[in-house]
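Got a structure for you, written out below as structure tokens; questions coming shortly.
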Amino acid sequence: MASFDSVDFHQKALQLCAYGQICYQNGWSPATSSNYSIRLNRDCCALTSSGKHKGRLKPEDILVVDMQGNELTEGKPSAETLLHTQLYQHDANIGAVLHTHSPNSVLMSHITKQDYLHIEGWELLKAIEGINTHETSIDIPIFDNTQNIEALAKEVDTLMAQQTVYAYLIRGHGIYTWGQNIEECFRHLEALESLMHYELTLLKLG
Amino acid sequence: MASFDSVDFHQKALQLCAYGQICYQNGWSPATSSNYSIRLNRDCCALTSSGKHKGRLKPEDILVVDMQGNELTEGKPSAETLLHTQLYQHDANIGAVLHTHSPNSVLMSHITKQDYLHIEGWELLKAIEGINTHETSIDIPIFDNTQNIEALAKEVDTLMAQQTVYAYLIRGHGIYTWGQNIEECFRHLEALESLMHYELTLLKLG
Amino acid sequence: MASFDSVDFHQKALQLCAYGQICYQNGWSPATSSNYSIRLNRDCCALTSSGKHKGRLKPEDILVVDMQGNELTEGKPSAETLLHTQLYQHDANIGAVLHTHSPNSVLMSHITKQDYLHIEGWELLKAIEGINTHETSIDIPIFDNTQNIEALAKEVDTLMAQQTVYAYLIRGHGIYTWGQNIEECFRHLEALESLMHYELTLLKLG
Amino acid sequence: MASFDSVDFHQKALQLCAYGQICYQNGWSPATSSNYSIRLNRDCCALTSSGKHKGRLKPEDILVVDMQGNELTEGKPSAETLLHTQLYQHDANIGAVLHTHSPNSVLMSHITKQDYLHIEGWELLKAIEGINTHETSIDIPIFDNTQNIEALAKEVDTLMAQQTVYAYLIRGHGIYTWGQNIEECFRHLEALESLMHYELTLLKLG
């Protein structure tokens, strides 16, 4: 059975509370939506419990799940737990995952008819790890929304085996992004929010 | 005559002050507009006094009214008191009511020519109690604005006897929403604000 | 020569500092723009000095001017001082004046080709003193921008002698509003900001 | 070799931290983007290190560089250091430089097809040092984005030798602005943000 260090868990739970407050204040996690996690080790991660106000998270609102989504501490894991564990299992370098319902991600995924959002030529692309020039583009995959999370996790896994994926959208639902640690993950989220805002504004301008 | 527990009243008055501050900071209650209430028991509720700055409510700005809208403590009940008591009388499960003048609710109710706002397919619908999938839709009734609150309360009552109503809009005026308690009520309000923001943005995109 | 109570001046200077902070945080007074005043008595008022950061006003940034715009305490009166004193001289009931460069007022005054902004049918009109129903309309005069403040003050005075004026706009510049005291004045400003936001959004929707 | 006063450096480092927090909270410096500097003397300036969260700058995130961009204290100078030192070398009156990735500057520079952004007739132009009337216009140069900062610095220098330049944009990237000191520089930035917001809104209105 997966084990973890309780001091490490407590510290990462506090980090999730702090980032929840930031995401909530940014309007990205309204009405108890969203879920966030940080890897504890190869076998388990700290994850937000389902249904909590994301701007007022307390350490007791964070639980530990193993990479199959079984809870190792008390709490009700998010229905979307497997979308977090898929990422940790797929790539050992992923240390944190933020999923939000930001208006930009909900709207851009709804409006875009293709199965990816193409973003090209903006300086802020360089905020994403591994990108060193604005003279590039990224395609953010868009998956149709579903209540079958297990099936969606498999779809994500298949796509990530085929191409470099920096983040993905779920249509009319929100964004998943990640990084080596929570700071990098949040930097990616902030950059993608700005990039989606640019694209949405261009659409408004027709 | 209706009676109430004064400690319970004081605690709920403090909650109304706190939620007033949040609603005001969100821009939903400008210029002393809006009114909020929490049920005390079968016979009465705590309600904001008329004409107060909603971001700076103090416990003395909250009064108790019975379900006919008569004040049981000092204060000037809102002109819209009967829209609160109608809800408490109609459904014993309703424990809190938030009415705001948020820009999204004012604008969507003005723009929408039908007598309901149709919202469909967004993940955030699941933040509303009783909805478990995004593959659904809700119709938010829109009533024409009036200064005859008693007549409007009857209209609302009639409609709620005929169909499931999660919230309603008053045209060019604002939104009424409710829940079993103030936390659920606010979650509904946040979700509806997000959903109306999505719909308004789609209208801007043409 | 006009005289004033120094304790009264100090209290009103503190109020102007507090409202400056609110207006700045709302984005209505960027880049040291805007000026605010409160009447001290029949003969003079407290007024913000020119060129100060409106979010960080200190009591020493407020001075006293008489109703001809002469300074009675140290400080550099705003170039627009006469637009404040015109209002106090015109109507003994006016106790406070807020002038801001809010984006809504700058844009609506620029876009509107007529010499008034017509606002009709919104519930929030009732936040303006003397209006008791949404079934009404107001016309906010729009004056062309000028650096000749004395001439503009006369134009305003002439118009106010002819019709009820709740506030006015200066094209591409900002809004002037007032009330019996600073609280009412700010309520009017908040209401007008909301009303202009509604109108601007309708224009965006085409 | 360039020398500097360490107390002066520490005070200016604290100022850069404070302005970083403001720029970040305004949404102008997301995802560790942006860089800011204050002149120390003829030969060197205090500058933000590369890759830091701009809302949480600490004094140790600020370093000193000479006017050729060599670091005189520990830290990793921004890749865009030469765009700061070009300004200090070009004009002895420039005391501070703020470069941000604000959405308004990114979008207006992307949308505008000419090599300058023309801004005319707004009262807030008067917030820029040397402008005393709204009956004027300014042209903000727009340079194409590049990763060759040395070449861009020369382009800027050449243009500034030919015409009065109040600020410049880099396409899809951000804005550079400056002033005699950090307060004036920030006032310019706030004014330009407002002016770009006006112009962007007019484009949305078609």
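Some observations on this one:
Just so it is clear, A, B, C and D label the chains in written order, and each chain counts residues from 1 on its own.
Convention: a contact is a pair of C-beta atoms (placed from the backbone, for glycine too) under 8 Å apart; a residue touches a chain by one contact, two chains touch by 3 or more.
None of these values were measured; they are calculated from a predicted model.
Within the contact network of the assembly, the step distance from chain A to chain C comes to 2. In summary, no chain was found to touch both chain A and chain D. Interface of chain B with chain C: the two copies contact each other largely through different residue positions, with under half of all numbers used appearing on both sides. In this assembly, the chain whose C-alpha centre lies farthest from chain B is D. Chain centres here are Cα means. That of chain B falls 46 Å from that of chain D.
Remark: chain A and chain B have CA centroids separated by 33 Å (rounded to whole angstrom). Shared interface positions of chain C, i.e. residues touching 2 or more other chains, are given as 204, 206. Touching pairs of chains, sorted by label, consist of A-B, A-D, B-C, C-D. Those residues of chain A whose C-beta lies close enough to touch chain B in the complex are 30-33, 53, 101, 103, 106-107, 110-111, 145, 147, 170, 172-174, 200, 203-204, 206.
Those residues of chain A that touch chain D in the shared complex are 121-124, 127, 132-135, 183, 187-188, 190-191, 193-194, 197-198, 201-202, 204-206.
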